[in-house]
């Protein structure tokens, strides 16, 4: 009789047999497409690893929460993951504005975080000091801005650029600043710099003004939704110059929303989609989810690779040991060689991949790195 | 024609009408007198279909009255509410025309409009004024005029002389008599018990939500208890 | 549940409560509806962070500086808009809140839209609790004084208030300023809890959330605001594992509370010893006095 | 001695002259009446005196000081208060709270004192509450002090409005149709109440009403208004016998 | 007039007409119920989704899908009224509660879409060619023109309905006093249903047009804040006010972007809004009536 009071229906593995890894990112809002893809990719990769016997003989499990792109939510999620769920490491978030405020939480809990596409320098380094528990697998905004400016000026030969950016967005403001700095320092001029605010859907007033200024290229340091709308409206207004953007642009959604209008757009990307090395990942994802892999999927893949490598080298799933191992990471991911620098916790010397939209493909142009 | 039986109305915990019964015959002027808070307005609102009542029946020409003001109006019962309730942001004219909302007979409406303006020349003068800025008395006239426009069979008048100058009070009571002559039945709630009793056929005394007395207007007016409680130590 | 995690939720509830208390004075007791309180939080947050980061001030003076800044700005806004009625005032405050955010997005001194990291981590559960207790006492004292009653009068009926000698505009302004000061402190607490400020944090959604808490807790009730802040801050956390469905549930529960209990959780009642006594006597009165009132009450 | 003087007072709404060039004095320590047909401009005059409407032309002198164009709360502070034709209580508050609020000007402690609950605040609060209780006692509302004002019977609401007005220690009390909606018996009671009140609170009173029993019964001076202009002025006797007033307002009473 | 000015004017008019379609629904409900129906944005969003699904999944022809979407939101708006407002109405709750209930509804609608359909964007198939009409160097989008015309027709029909039909008159009367209207024999409950149905119909039209022009996503509601501001700008509760306010807001926004700074466009628009309210506390066309004591 007493035995019945404690039913053992779940035959879950004992706690120490599981390595819990947290994930955070946007599952609502404009960037939900990316967030969902990240989480799905992590799940797929963990399943694959578990199917092969797991890591250090233990199974990997991911616990993912939505941050709604809100810094305050991000802190809540970080507390939940580290405090309540006791994860050994966190993957994500994709937004810098969410990655920055969780640092104190990580430090208190001594749990490392590997950000995916958070490109603001301050995610890992603040006032010259590296944050002990923040890492990332992507390059940073100044680098991205420099690449975009350099490629536009040096390779494509554009001397006059216009920028249309989102004043209320951190990524957009950062990229704008660095693009402008490098472009001007190379000798180009920014003939028009117009802004909009998150939530806007009509950009024709700004575009009309940009048209008046006669630029040779329109730089869009923004995300794909606005970019698609802008592209459509620009073409309607008779603006035919090529567009250019950062890693906020590439998405399958761009084609469904503005296929014709975005033809010929140059994008500074983290990865070359046609690279033979990524084909396998791409098709695995497509088979499993019947969707195209988004950019964030590649980066979170590399975050997983970095994490797995660190756990293996640490020989333990202890979060402090993982953190130590992360500082000496040298692995090859699908987005390139990732050598984490101890001073900055950034992957050093990562090339950017310049791609161009042709048809419904991102056609690889070249690897480019700014000097 | 109108028959109320054992009506009980509650406002939350407050028992406002406690088993009220009354009858009104065609062509009569019946008045209800009672002090403040006796439940007079409550009774009219219940008849008009504004209030859900727990117990009791209200019948009109042998049919149960629905609890839905617009259906009640359709059946020919129209209330001129206490406190005027004019459409404050519409003009005087719009207000009056809304009174005829349910009517279709255009010519007759015109005729009635003229009649209303005849009864209340002040309204004609202020035709285009926004009703909310009328003086208290003017609003009362407007409410009466508007009620007349629906051409009802029974008019429920809730303190029509409220806030009117003495001269006009007389006029209003004259109008009530005129209205009756138009083959209408009138249920009149009044504080001005003297006047009301002087033009009414029959009267009810309502006290604390109960009918305390009923009878011919003359009988009520002569009753010493009523005289003391409602007609007061009238000067003059 | 893990203590650290619960602490985090309580901290956040405490910070929200601070802003909610302020809004409660404005909305619950003075009858003015604001959609811009996140704006005051932002001002308080940035001002106090400026004090600690750029001038090295200690925490509490910096918080007070934030409160002062928010109150001053609110005075200017109030002077312009407090004469507006109902929704018009709402929309003016909404405009103000958005405008503050827009300005902050463009001020590179504070990091613009990219945010401002590296603010010292001063906020902890102890000081949040202490500050909230002080705030509640101050508010309760105010409400129980003639000044508080004057605000309530303004909420009930402006013209009558004027006629009994209440300077309606002045009391609206005072209420707005105090409420902005509270929001300012909340902003300061938030800044030193998150160690990071970004204009995005003070969006219209934040303002709406505060208003919902006030109404959910019950207009004109301080204890309601406390309860509301605790419940509504932790509700999304409790529902966190429902992922996408949690906001659906949240929205639904707001509607259900409104239609089933429109006076909010506490609706005008307070949890104080004396009020509990009063409530009891009121209940008793209802039973004993009412019949006599109906039957025995002689007119005049 | 006059407590209030209206000099050439005019108020126009758009093209409409609601009050035109009215001169009028309210004697100190007496009960005066203001009567006239509906729409004559009586309530408008009250609104002008209390600052609810802005004066178009003319002057209002209270205790020989010009109060034209001042804010309503300022005028209330000077000692003029009123009741409304359409009752305006703090409907959702209790009877007691209604009066207590109006007592506020009897206190002088400031916000800081109230927040810290300093002794002066506590002492004055006690006094305010005392005063409110006293007033309710005098007005016979003590036994209903915890009722919500809106649930009071109409007559008591009017009474509460007067109680609330008295809480300000006014010198001049303006009553706008206090007997509206009352039956003759209730009106008579109101009359005696007002007559008692006047000496007790050292008031001057100005009443608008259409109940001639009341107006003629307690007013010492009456002014008649017609179409915004003064038609007559004098003792109740004079007024009742004035043919112009009879024609325009009183009618031949039955 | 410079080409640039003309182009900005056209841009402004076209943005304004989007605001107008949305603002009319707000104003309509406001005029009867005296509260700002924040759930309107959610209904517009669903209108856009319905239109999208009717077109792509059911394969309805455009106009059928258009009307079907509008009818669906019609029903939806009435359902929201029954569920979230009617109980409050029966209790005579103050306007604040309506607003909060509306906010709850709006949070609910947005998130139910996220939870069921998902957060991804949907694009309408191309119904009108994207190549614009050229007038000199000024361009005019075909869709904009269509929208402008459709808005104008709808608004004209609405004005006709309000001013010249019996139901319209009943709506006007009910907006002033529900009890008095009932006494005139007006079925006020029906009037309220009709008003929400109309509001919902307009929301559907606005949603579909919006979706065609931009895209469909769960946060469309954000943009309706702008139309809310426009409605206030013009004077809440006034239909012509809503239209004028919307067009003006559209033009002010574009001109600010064009001639001053797009960074501070919203700031300037807000400052202007507050300035207008300071001088005209009831908006441009709202009625100013003195409170009669």
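Letters A, B, C, D and E mark the chains as written, and numbering starts fresh at 1 in each.
Rule of thumb we're sticking to: a residue touches a chain if its C-beta (ideal position, glycine included) is under 8 Å from a C-beta of that chain, and two chains touch if they have at least 3 such contacts.
This structure is a prediction, so every number in the text was calculated from the model and none was measured.
Listed by label, the chains touching subunit D and subunit E alike are B, C.
Ranked by separation of Cα centres from subunit B, the top chain is A. Computed from the mean C-alpha positions, the centre of subunit C lies at a distance of 30 Å from the centre of subunit E. Measuring from the averaged C-alpha position of subunit A to that of subunit B gives a distance of 74 Å.
Centroids of subunit A and subunit C (each the mean of its C-alpha atoms) stand 37 Å apart.
Mean C-alpha position of subunit B lies 48 Å from that of subunit C.
For subunit A, residues touching at least two other chains, in rising order: 27-28, 167, 197. The multi-chain contact residues of subunit B, meaning those touching 2 or more other chains, are 14, 35-37, 133. Annotation for subunit D: residues touching 2 or more other chains are 43, 52, 84-85, 88, 153, 155-156, 182, 185-186. Within the complex, the subunit C residues that touch subunit D are 138, 141-142, 144-150, 152-153, 156-157, 159-168, 174, 282, 285, 293, 297, 299-300.
Remark: subunit E residues 166, 169-170, 172-173, 176-177, 179-188, 287, 289-290, 292 touch subunit B in the complex.
Within the complex formed with subunit C, the subunit E residues making contact are 30, 35-36, 83-84, 87-88, 91, 93, 95-97, 99-101, 103-112, 114-115, 225, 228-229, 232, 236, 263-264, 266-267, 270-271, 273-274, 277-278, 281-283, 291, 293. Against subunit E, the residues of subunit A that register as touching in their complex are 27-30, 32-33, 36, 167, 194-197, 199-202, 204-206, 208-209, 212, 225, 228-229, 232, 235-238, 253, 256-257, 260-261.
Those residues of subunit A that touch subunit C in the shared complex are 27-28, 65-66, 69-72, 75-77, 79-80, 82-84, 86, 96-97, 100-101, 103-104, 108-109, 120, 122, 126-127, 166-170, 172-174, 197.
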